[in-house]
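There are structures below to look over.
Two complexes come next, and they have one chain in common, subunit A, joined by subunit B in the first and subunit C in the second.
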Partner chain A sequence: MEDEARRIAEEIAFEYRRQLESVRFEKDQVKNLVQDAIVKLTNSFNGLRESSDEQLGLVTGLTSSMQDGDGDSDSDKKINIRGFVSETDKILKTFVNHIILVSRQSMEMVHRIDDLSSQMAEIVDLLHDINAIAEQTNVLSLNARIVAARAGQAGEAFSVVASEVRKLARNSHEFSDRINGVVRNSKKNIESAKGIVEVMASKDMSFAIEAKGRVDEMMAEVSEIDRFTAETIHKVTGVADQISNQVGVAVMSMQFEDMVTQLSESMEKKIHVLENFAQAMDPDILFGDGLTAVDRMQRLEQVLEGQRAGFNAVDRGAVQQSSMDEGDIELF
Partner chain B sequence: MLVSTFTLGDLYLGIDIVLVREINRSMECTPVPGSHDYIRGMLNIRGRVITLFDLKKRLGWSDNELGDGAGIKQYNVIMKTHSEVLKINPSLAETKCPWEDPVGLAVDQLGDVREIVDDNILPPPANMGGISADFVHGVVEFERNLLIILDVATVLGFDERSSG
Partner chain C sequence: MSGTISVERSDKETVINIKGRFNFEMHSQFRTAYQEDTSKGQKGRKFVIDLSGTEYIDSSALGMLLLLREEAGTNESDIEIINAKPEIRKILETANFQRLFKIS
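Then we have the complex of A and B:
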């Protein structure tokens, strides 16, 4: 009867140790799994944070390259869109002003050419007068010849003079005709020059003003796009900040590994204490021969006392927290 | 002989210079109502009243041949009268200058005074454009041009052959 009880007690002790061993094994498994996962998650979150920071850096660079162009940004002369727009606008204004100036001067030139043209007409009139004189001289010389012919031999010398006068008249006529030809050509050239300058004066200005208007519109559109982009980038920056914050929180939360390790160690100690306790619970105390009930009581009391220090030590020092939410700062 | 030359359209014409009194640029003339159409009108030159012949019309040119002669400046060749020529060259006056009234011929352009050797003067060819042989004293080939020497008496309406 006693032997049977001892055997059962030993079996209980054995099963008790076995289960404790199993608990220890599973506890270690949990610990390892959690550690692995934690390492991976931490790496992953750190990577995410780095990527997010990098993204933020890129976006910030983009924003600054788009916005500050007013010289307050160091010495770098990098052209940004806003600067480009205002610079182009300035260049274009100068360009248009020049063209308008040229156009005005062209109009002035048209007036000058008109003056020249009317002076040419005066020259032609004068040449007509010269021709008329040449003609009169011609008629005069012919009449002189006629008078000389009447005088017969006596008029011979006079006749020579008359024919010389006629030659002169013809020469001056030819001369004035040649001048007339040159003047007519010049007049033609002046007219065509006037036409060209007139076209230049009227057409260039309208083209330039049209072009200016179109570029102004384009500039307004570019400004609008610029503004929209800046706004979007600003939003993206906000989102990146949020991501960074959340990743920070996540990484911080990864510190529960410590708690798991602490809890695991505490469990290990408790298992150890339980093992010691099981060992100390000698079946002889309950089932040994020649022991009185009082003796057994005393022995049990002694074992309990012997283990109490272990129990107390295990009760203290374990993690007090039950969740991550409370006092997460104390973790570090 | 000396010949005073001028043009009439494409024709190159000449008149013995002794017969010519003077040459003027064409001027306003007074039309004579009821006269022949070749009488352009009456001129007053320094107090002398002169009958001006339109030579083109006298030669019988059609309106087509006359062209738009209105724009072309013309000259008047004023002729000497019989008595004036008589003082210079009596034989010429008798044969070539029967008219006593002062007359003039309207021509287009004036030419030079030409010296013509009488022997070079040829009789008028049978077919000559623009002018009837009756009005032609003779022709001279001159610098590839045919100079037609007018028979002024016939032009002015004196039939030389019948009278002389």
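Then we have the complex of A and C:
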């Protein structure tokens, strides 16, 4: 009967130790699982922060390549809209200046051509004078011939001279007519030259105003795009900051690992105390020969006293904080 | 269909009034309008170009204005362009004339 009781007691003690061992194993498992998860989560959150920073960098880079290099046009050869528009404006101005310069030169040429025309008119006037002289000479030679005829034999030689003079007058008239013809042709050529210069000089300027208007519109649009871009960048930066802050909070929260470790250590101590307790519970106390009930009671008392110090130490050593909110400052 | 030019002369200034289309066909009239003052070689005379009646202006007119400025003595005289209609004023500004003339 007593042997049977001792065997059962030993079985209880064995089962008790086996369960404690199992608790210890599961406790270690929990600790390892939590630690693994914490490492992975921390890496993941840090990766998230890095990706967010990289994304911000990409967006900023993309937009700054679209905007003006601000003066450093020599070093910054990137094509951007604002640069393109102001380049177009410059080309337009150069083009307009060129047209006006051509017109100015053309108008000066027209003035010279006009001067030439009036000089031609003077030549025509002079030719009229020459013709008048030729006419007078002709009349003069006619009169001379009449006078020579009246003189009869004596005037014969003079008559020859008079007809020679008449020929000269005719020739002179003929020359003057030919010169007149040349001058008329020249006048025609001058008029056609003037027509050509007119085409060169006369350009409708409304294209320049329309083009200028379009350039101005484009400039306004570019400014609007710039404003929108700056606003978007500002927002994106804000979002990135938020992500960074939230990741920071998450990473900080990951430090409950310390608490898990402390709790785990505390559990380990408690398991140890329970094991000691099982060790101290000698079945002889209950089932040994020659012991009175009083003796047994005293021995049990002693075991309890002996373990009490261990229990108390474990109680005090338990983790003081039961949640992350209490006293978490020291952890971080 | 070209314009007409009238001139008013006082002791100090010559006012050239251009009506209608200010284009190539006006060149003789325009030259005659100021030649009397510039051929004498006197500098510092003020010219006022009144464009209140001007409906259209092309590049040859701009060329004529530049020639007037040169023949009147670039720096000594001042040339004022007045009463230009908005469209014409835009052309003058696109041509950067506000740097060479007083536009009002």
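Going forward, the second predicted complex is superposed on the first by the 175 of 332 C-alpha atoms of A that agree within 3 Å, B and C clash if a C-alpha of one lies under 4 Å from a C-alpha of the other, contacts with A are read in each partner's own complex, and residues count from 1 in each chain.
Here is the rule we go by: contacts are C-beta pairs under 8 Å (C-beta built on N, C-alpha and C of every residue); 3 or more make two chains touch, one makes a residue touch a chain.
The model shown is predicted, which means the values in this text are computed figures rather than measured ones.
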Partner chain in contact with A:M107 - subunit B first, subunit C second, else both or neither: second
Contacts of A:L142 with subunit B and subunit C, given as first, second, both or neither: first
First (subunit B), second (subunit C), both or neither touched by A:D216: neither
First (subunit B), second (subunit C), both or neither touched by A:E156: neither
Greater residue coverage of subunit A in the superposed arrangement, subunit B or subunit C: C
Partner chain in contact with A:D282 - subunit B first, subunit C second, else both or neither: neither
Touched partner set for A:E198, first subunit B, second subunit C, both or neither: second
Interfacial residue positions of subunit A with respect to subunit B in the complex: 135-136, 138-139, 142-143, 145-146, 149-150, 152, 163, 166
For the subunit B and subunit A complex, residues of the former touching the latter: 2, 4, 17-18, 20-25, 75, 88, 110, 112-113
List of subunit C residues in touch with subunit A within their complex: 23-24, 27-28, 31, 57-60, 62-64, 66-67, 87, 90-91, 94-96
Subunit A residues touching subunit C - in the complex, by the definition given at the top: 93, 96-97, 99-100, 102-108, 110-111, 114, 198, 201-206, 208-209, 212
